[in-house]
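Each of the next two complexes has chain A plus one more chain, namely chain B in the first and chain C in the second.
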Partner chain A sequence: MWFRRLLSAFALLVPLVLVLIAIFLISYAWPAIRFNRLDFLLHDTWNIGNQYANPIVRRGATIMPGASFGIFFLVAGTLGSALIGLLIAFPLGLGAALFLSEAVPRRLGHLVSFFVELLAAIPSVVFGLWGIVFLVPLLSHHVYPILAETLSFLPFFRRPTGSGYGLLTSGLILSLMIVPFIAATLRDALASQSHAMREAGISLGATRFEVATRILLPGQKAALAGATMLAFGRALGETMAVLMVSGNALNYLPQNIYSPISTMAAFIVAQLDSALADPTGMAVRSLAEIAVLLLLISLLINGLARFMIGTLKEHTL
Partner chain B sequence: MIATRFWIRWRRFKSALGWTLSGAAFLALAVAMIQILFYVFAKGFKSLTFKLFTENTIGVGGGLKNAILGTLLLSGTAMILAALVGVAAGLYLSEYGEGRMGSLTRFLSDVLVGVPSIVLGFVGYVTLTVWLRWRFSLAAGAITLAVLMLPYIVRSTELALRRVASGIRESAYALGCRDHQVVFKVLLKAAAPGIGTGILLALAISAGETAPLLYTAGWSNYGWSGRLIHEPVAYLTYVIWSFIGEPFHSAHALAYAAAFLITALILLINLIARLLIATSPHGNR
Partner chain C sequence: MPCSSSHRLFARSCLILLAACLIGSPLRSSQAKTVHMIETGSTLLYPLFNLWVPVYTASHTNVRITTEATGSGTGIAQAAARLVQLGASDAYLSPALTHLHPGLLNIPLAISSQMVNYNLPGLNDRPLRLSGPVLAGIYTGRIRYWDAPAIRALNPGVPLPHHLILPIHRSDGSGDTFIFTQYLSFSAPSWMRTTAYGTTVSWPPVRNGMGATGNPGMVQALDTNPYAIAYIGVSYRSAILKDHLGQALLENRAGHFVSLTAAHVMAAVRARVNATPPNQAISLVYAPGAESYPIINYEYVVVEKHQPNPSLALSVRQFLDWAISAQGGNAPSFLNRVGFVPLPPRAIRQSEKQISEIR
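Coming up: the complex of A and B.
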């Protein structure tokens, strides 16, 4: 029995770590949560206040004069870039999974899908580097002007196309980073279906594509929805790549799809140094409140996704 | 009759169109993947010099010796910590984790996987760097990375152990083995390739991370002197992020070289991990 107790003590560390993270973060952010109230989500002015004046007391908290911590622009940037990422990644992942599981010979499909899954192994910061030196110049000089020209009848696609650092670029990079999760999960789910299903479909006169989309795919809706949700969660919390290509907009709501943005995760990295200059500490505690929000979102999304697909498979980790 | 023939043709056309589109989706991914790898390797290869491995960083020039050793040190320490706890927790979940505590741990471990790495980094900063006054240090960086790796190792260990046939356990117990003997002499040996693969994949993830380290490990122009706390540590991903924004050719060359090294390292770890599971007698994936 001593051995089981020992192992269970180690196992207990996992939930303990998560609970400790939540407790530390919330208690650290508590003064900011009390001071900012709902303005935190609804206003879009982040200003750590006049650092050369004397601190004042407002709403029972000591802050620098003029300080205000509203992150509505971050919420907009985070949701916007993650949604664009998902909109691009979903059809790509679905198509690639169908192709690799049903159109390519099994052994080759296995090998090639390993190659696509490697896309998930490339570090975020390397995606960011590639974004800065390759993707941003390409998009801003060649792709975005054409896009703005041809889609000028759509309100959010009109000029100005900006510097190339912005919402659509972030969404594109995010889509590349999350698509392997969708593709790999769905490919494995499709490939694990019995051959009898495929044979039955073919013998009824269905084409192979109809077998794939009408017989095999409907059975895997839960896996697809769960993987998509996890991918969305990743996109919401992605930091370095977005930090490098988003343009790091401050207090600015996106005017069109090329506008510079910032996201909650990227903002924490971008602003921690300047927040530390605030002698009252409220700026850092407000950054902690952003982290609390990110934590809550990830708990919600992962809880839901886990609820949908049951236990997670290895590669969706 | 004509209508039926037309209908069949229409369905064939739709299927062909569907395959074309899904093939195009795959092609787009493959092209993006090859483009990124080609770009990073081509740019990085040009920036590779012997000096990178023998000199420390000086301002925005010099070499990457401090960062290379720092990355290995941070990820290696984190791997040891996370593997110790993670394999034990995975063992518990797979062997004795049928009850409520088991399923709760499993659930929270899945949730921990999804916590953004910057949140872990911020918590590491608030607790380890500031509250415990460790400042930017190896201990703060490695513990933060270990928390990031932990859930991956827990779940891959559990899955690897579950693939071991239950008959093997039963025969071990029937021969009079105690719990710890079953685990150490039978289960861990049988599941070793799967467990090893999980640990290696977690190592690859941690080596590529930046956000958890920015405010826990900091950055240093010097090699590590052996102190666990109060001494910042350099790492490769910091060089990529920070130096690509500097207006100097030498800084860009270092960023490309660092991207080359870290990407090559991660692909190598991934390859070894896959080979390990593919060539093992018990691996069935």
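Coming up: the complex of A and C.
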């Protein structure tokens, strides 16, 4: 009996931590939530105010003169870079999974997928460093000018190509970080399907490609959707690598795909030190409000992933 | 039974352990005089503390000092919360913070300065002349090209390229941003009205502009981006020289363009030190005088004057007195390695007076 109680206590501990963190964050950010109202989401005006002036009272809160906290540019940067990352990672992950499960001999497939999964084990700061030292100069000097030239008919791809730090670079780095999520999950799902399906397809005269795309993949919609959403969630919350290659734009929206951006997670890291010096505390509480928002979005995405897996599974079964 | 014998063994080893603790405790109480101090804050002061601490603790064996590089804001906040004894900051305490924490002292330890650097292919060996209003124009996006009339007027005869300027600023909170924006604020009234100064400011959106993290990030961003401009702490001068980047001559209050040398920094210190109030919260930026370099600052340690016990207070006082003395921490053997300049005698006296208030 006591053993069961102990186990349930352990099992409850984990969700309890999540709830406690959420409660702490919301209560800590509450003064900021009340002060910032909806301006928080709608404006591009992050400014912790003049720290060397005297505090003033506005909308019932004590703040430094000039203080204003609007993070629409962060929401745009976060969603934009994660979406670009996903757009690149999805076909790559899909292709890698199909290749590994269907096109190569099983043993080689195991070996290669081991390396694909290793990609997920690389610490994000390593990605960031590689991005700064190798990827950013390469992209800004060689790739982006060509891209801007060839895709000049698309408005968002036109010049100026900027410094190499920005939206597309962040998306590229993010795509490398989330490819293994999609590839590994989908490969396992494909590999788990029975051989009878494959044999039946081939006996009907289908090519291996047709078997993979028409027979095997449709059965794995749930896994594909779930893996994609989880990868998206991972991209939204990524901090270090994006901080290093995003260009850390402040208070403006990207003008084109090469523009500097900043994301919610990276911004919290970058601004915390300055915010700590704010005697009114509103700057740190507003950063906590960003954290609340990030937490909500992550929970939402993960919830959506579960929901999709559930409904799609019912459909396919 | 094997079980009872193992029990006995366990009990015996417990007794031995207990005895060892009892015997060991007098030993430990004799070591209890060891005082542990924690320093955290400014990444610009961090290398200097790392030069100081091994030398100081070698001659003061009862003192342990842990150093951490976290950022000036963190240094101030943790010293105010009494989590650390020594908070390092590039910026002096704001009036509002002093009001909130009346026991906090900001004590200058040394003098730092800042370079304005650029990456202009072919022109990096040639020191360009730049002024506060021109830099303010660049960082607000009003001056967009290197061959803009305002820059050409300051640099007659220099073949400036028609290329977009890429202004780089610090995206993390930074004392470098604090003194750079002070230079712009004091020399360009329009900057003061729109953006003002702080360890982080709401940078005007400049197309092409970008943020970088830390001084190493600034050097890296400048090095990889031709036609960029950046402000960088003097400690990174060797990196700038190694990468063959340009360093500007800056216009001072008297209208002269001066290079960053110890003599020009000392001239600025001399011009401002007599104006320093007893609490030493003063900006040294844009000092008067024909020879004064315009962007310099006191590097501060932020200390709570009421320490939890007298022995800790004594250790903090002793360490800080050593740090500011010309024979101790302000000796050229330390300061030259990070590009800092020693405190002048009057500032040392003021710092000593503040240090004596730590109890």
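Convention: the second predicted complex is superposed on the first by the 309 of 317 C-alpha atoms of A that agree within 3 Å, B and C clash if a C-alpha of one lies under 4 Å from a C-alpha of the other, contacts with A are read in each partner's own complex, and residues count from 1 in each chain.
What we mean here is this: a residue touches a chain if its C-beta (ideal position, glycine included) is under 8 Å from a C-beta of that chain, and two chains touch if they have at least 3 such contacts.
Predicted, not measured: the structure shown is a model, and the values here were computed from it.
Undergrad: Pick one for A:277: touches chain B only (first), chain C only (second), both, or neither.
TA: After superposition on chain A, A:277 lies in contact with chain C alone.
Undergrad: In the superposed model, does chain B or chain C contact more residues of chain A?
TA: The larger set of chain A residues in touch belongs to B.
Undergrad: After superposition on the shared chain, which partner residues are touched by A:47: those of chain B (first), chain C (second), both, or neither?
TA: In the superposition, A:47 contacts chain C only.
Undergrad: After the superposition on A, what does A:55 contact: first (chain B), second (chain C), both or neither?
TA: second
Undergrad: When the two structures are overlaid on chain A, which partner does A:249 contact: first (chain B), second (chain C), both, or neither?
TA: In the superposition, A:249 contacts chain C only.
Undergrad: Pick one for A:132: touches chain B only (first), chain C only (second), both, or neither.
TA: After superposition on chain A, A:132 lies in contact with both partners, chain B and chain C.
Undergrad: Touch check for A:165: first (chain B), second (chain C), both, or neither?
TA: Second partner only.
Undergrad: For A:64, select first, second, both or neither according to whether it touches chain B, chain C, the two together, or no partner.
TA: Only chain C; A:64 stays clear of chain B.
Undergrad: Can you pull the chain A residues that chain B and chain C both touch?
TA: Touching chain B in the first complex and chain C in the second, residues 132, 243-244, 269, 272 of chain A appear in both lists.
Undergrad: Using the touch definition up top, name the residues of chain B that touch chain A in the complex.
TA: Of all residues in chain B, those touching chain A are 11-12, 14-16, 18-19, 21-26, 28-30, 32-33, 35-37, 39-40, 43, 85, 88-89, 91-93, 95-97, 101-102, 104-120, 122-123, 125-127, 147, 150-152, 154-156, 159, 178-180, 183, 198, 204-205, 207-211, 214-215, 237, 240-241, 244, 255-256, 259, 262-263, 266-267, 270, 274.
Undergrad: Applying the document's contact rule, which stretches of chain A touch chain C when the two form their complex?
TA: On the chain A side, the touching residues are 45-48, 50-55, 64, 66, 132, 136-137, 140, 160, 162-166, 243-244, 247-252, 255, 260, 262, 269-277, 279-280.
Undergrad: Residues of chain C touching chain A in their complex?
TA: Contact set of chain C toward chain A: 70-74, 76-77, 91, 94-97, 99-100, 164, 166, 171-174, 196-203, 205, 207-213, 220-221, 224-225, 228.
Undergrad: State the interface residues of chain A toward chain B in the complex, per the touch definition above.
TA: That would be residues 1, 3-4, 6-8, 10-15, 17-18, 21, 24-25, 28, 91-96, 98-100, 103, 112, 114-116, 118-119, 121-130, 132-134, 176, 179, 183, 207-210, 213, 230, 233-234, 236-240, 243-244, 265, 268-269, 272, 287-288, 291, 294-295, 298-299, 301-303, 305-306, 311-312, 314, 317 of chain A.
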